[in-house]
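Heads up, the next two complexes both have chain A, just with different partners, chain B and then chain C.
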Partner chain A sequence: MTDSNIFEKVSMHVTRGCLVVLINFELVDQAIIEIQKRILERVHSSEVKGIILDLSELEIADSFLGNAIKNIARTAALLGTTTVVTGLKPGVVASLVELEIEFENIQTVLKLEDGFQILTNLMKITDRELDEENKYEE
Partner chain B sequence: MGLASQKRIMLLKDADVIHAVFETKQYVKALGFTKVDQHMIATAVSELTKNVLKYAQEGEVTLNTLDKDLKKGIEVIVKDNGPGILNLEKALEDNFSTGGTLGIGLPGTKRIMDEFIINTNSSQGTEIKTRKWIR
Partner chain C sequence: MNATVNEKKLELSSLKAMLENLVDGVISINQNGIIQSVNPAVEKLFGYHKDEIINKNIKILMPEPDHNQHDQYLKNYLTTGVAKIIGIGREVTGLRKNGTTFPLELGISEIKTDDESVFVGVLRDITERKRDNELLNSALDSLREMSTPILVVANKILLLPLIGSIDSQRAQMAMESVLQKIQECEARVAIIDIQGVPGVDSAIASHLIKIIKATKLMGCNCIITGISPEVAQTLANLGIGLQDITTESSLKEGLKLAYGLLGLQLQESKDHFSGMASAKERIK
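For the complex of A and B:
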């Protein structure tokens, strides 16, 4: 699959300080690896505070994709970024459970808006901490 | 009502997995599986067909309709002529390693489906026959 093909199926943009990635079609493993890379590059270059993986259109999540999501969250955390997964469908959740893929340290929410809420709250906390630090310095 | 026809998909390249998953979704939807079951069976097919490409380079998947004592279901047969699964017992054990790449998804697939039979040897490759019934 060529790059152009991948990105017809995956949209990636920064909204309200968060990198929103919409995966709306089943992808070959190579494409999943490529997207993982692109997400991390984007996180690094645009200094987003959070990643929202929107899987609301996705119907199939096998162990490769499940592990890729875990990897994205793990590596993003090393870059200081929190990952929230939104919109998991019942069939996807049931499959991940049977495949014993656990999203231990990943927040999952039903709606995209809830994802923004979580990340915005996190950002506010970080901003407040910075304000506090600045106060002491003055 | 006649049985849905058999569907056979060759597995030669990565995109064939996507094709097999798509065809499975259509097939089980037509059979009358619930949405959750449709997606889970397609996930099982994704796991099994990816194994074929990974370990045997090529193979095929066949979808059959089951109709027995008023019960309906799907039979998925995934076949390859690869090197066989050397340590079948181990392959069927759950893999709790953090990387998750060592497991080949067989235990999970087994849990998703109702029946699961593997025939494997080094000279003839591997055939996995698995079934799921409509509840």
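For the complex of A and C:
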């Protein structure tokens, strides 16, 4: 498989103020780095406030993928964006735990729906905070 | 001179007595595979009289495929010198006179003279040992199956009562089944009750922490219940922090908390009898 094929397969959509990334095949290390780059570029250009990484199609994970996810979340946080990981399968979870990879500040939920819920709640809170700040300025 | 001959004689006859009374079968064959001698145990094992098998090819004591291959095995060894079984020992199958087969543990040693080799095999019937092993394994299997039940106590709430000591294998199984169940039921809260775990040491604690991390990755809140004062003390003494982990002393409290996390409320009926009555009414 050539590289360009791989990226056509990764679907990225901006919806409800979130960037939804569906990773639906086992990635080789080089591809992970490339996807990481693309996600961050997209976050930057579209100014979304949340990223949902949907891994529900993956059956297993390695340390490289685990660290890449952590990396995406950390870098996205610098751009003011929160990352939520959805749809981890038992096999993926077992391998992450076995490899002692910890998603310190990344929320993980089972369903995409719940991921949206978390991010929209978060956005509402930030909006409210902003409103309150604006009030003071007025 | 006489003394040494006598000593040798004594040695030989004591060796013979040993062979005669040995529980294990001993067979010697020449390099063509022809049986030279057997001890009484062989007669008992295979059901032949020794006159029936001496001077016969050893393969008459073997079922297929060894029966047809044995001559080749010998030839291979004699030409290449590569031992597949000599000096190594192996589990093989024996063929009795009545046609039944049985498992054997076989060890072979080679005795070399100037122009010829003699092979001596020692065989032990391991039917019983194998049966005992299988029995033990199946018992262990069923014990393992029984050991990690997962109950769906309410919508999106799972209960994993752990009973007995936990080794890494059990912990692994518990983790796998709880993850599977979380996915199936889309559970939001998993309660692990460790009241039935006799003692918690650092190994068990680390297994538990692994399970808890895994459930968190599945988007599940994990509550540990049934921590006895002794266990709490041990954990504290071991310096194992359960800071990020929600713990409750009893299952009752754990359930209450679980309901709370789901935004539900567990209500205690003030009047026990009216509660029962209305519950019965609902069942009808």
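A few comments on the model shown:
Everything below uses one rule, namely that the second predicted complex is superposed on the first by the 134 of 138 C-alpha atoms of A that agree within 3 Å, B and C clash if a C-alpha of one lies under 4 Å from a C-alpha of the other, contacts with A are read in each partner's own complex, and residues count from 1 in each chain.
Throughout what follows, a residue touches a chain if its C-beta (ideal position, glycine included) is under 8 Å from a C-beta of that chain, and two chains touch if they have at least 3 such contacts.
This one's a predicted model, so the numbers in the text were calculated from it and none came from an experiment.
With both complexes brought onto chain A, simultaneous placement of chain B and chain C is permitted, the two fitting side by side without a clash. Of the two partner chains, neither chain B nor chain C is touched by A:Lys37. Our angle of interest has its tip at the CA centre of chain A and reaches the CA centres of chain B and chain C; in the overlay it is 30°, to the nearest 10.
Counting residues of chain A touched by each partner, chain B versus chain C, the larger count belongs to B.
Contacts of A:Val28 after superposition on the shared chain: chain B is touched, whereas chain C is not. Residue contacts after overlaying the shared chain place A:His13 against neither chain B nor chain C. Looking at the shared chain after the overlay, A:Leu88 reaches chain C, while chain B stays out of its contact range. Using the contact criterion defined above for the overlaid structures, shared-chain residue A:Lys124 touches neither chain B nor chain C, since it reaches no partner. Using the contact criterion defined above for the overlaid structures, shared-chain residue A:Leu110 touches chain C, although it does not reach chain B. Of the two partner chains placed by superposition, only chain B is touched by A:Asn67; chain C is not.
Of the two partner chains placed by the overlay, only chain B lies in contact with A:Glu59; chain C stays clear of it. Taking every C-alpha atom of chain B against every C-alpha atom of chain C, the smallest gap after superposition is 7 Å. Comparing the two interfaces of chain A, the one with chain B and the one with chain C have residues 89-90, 94 in common.
Residues of chain A touching chain B in their complex: 1, 26-30, 59-64, 66-67, 70, 89-92, 94-95, 98-101.
If you check the complex, the residues on chain A that touch chain C are 86, 88-90, 93-94, 96-97, 102-103, 107-111, 114. Taken in their complex, chain C has these residues touching chain A: 175-176, 179-180, 182-183, 186, 210, 213-214, 216-220.
Taken in their complex, chain B has these residues touching chain A: 14-15, 17-18, 21-22, 25, 35-40, 42-43, 46-47, 50, 94, 99-101, 103, 105, 107-108, 111-112.
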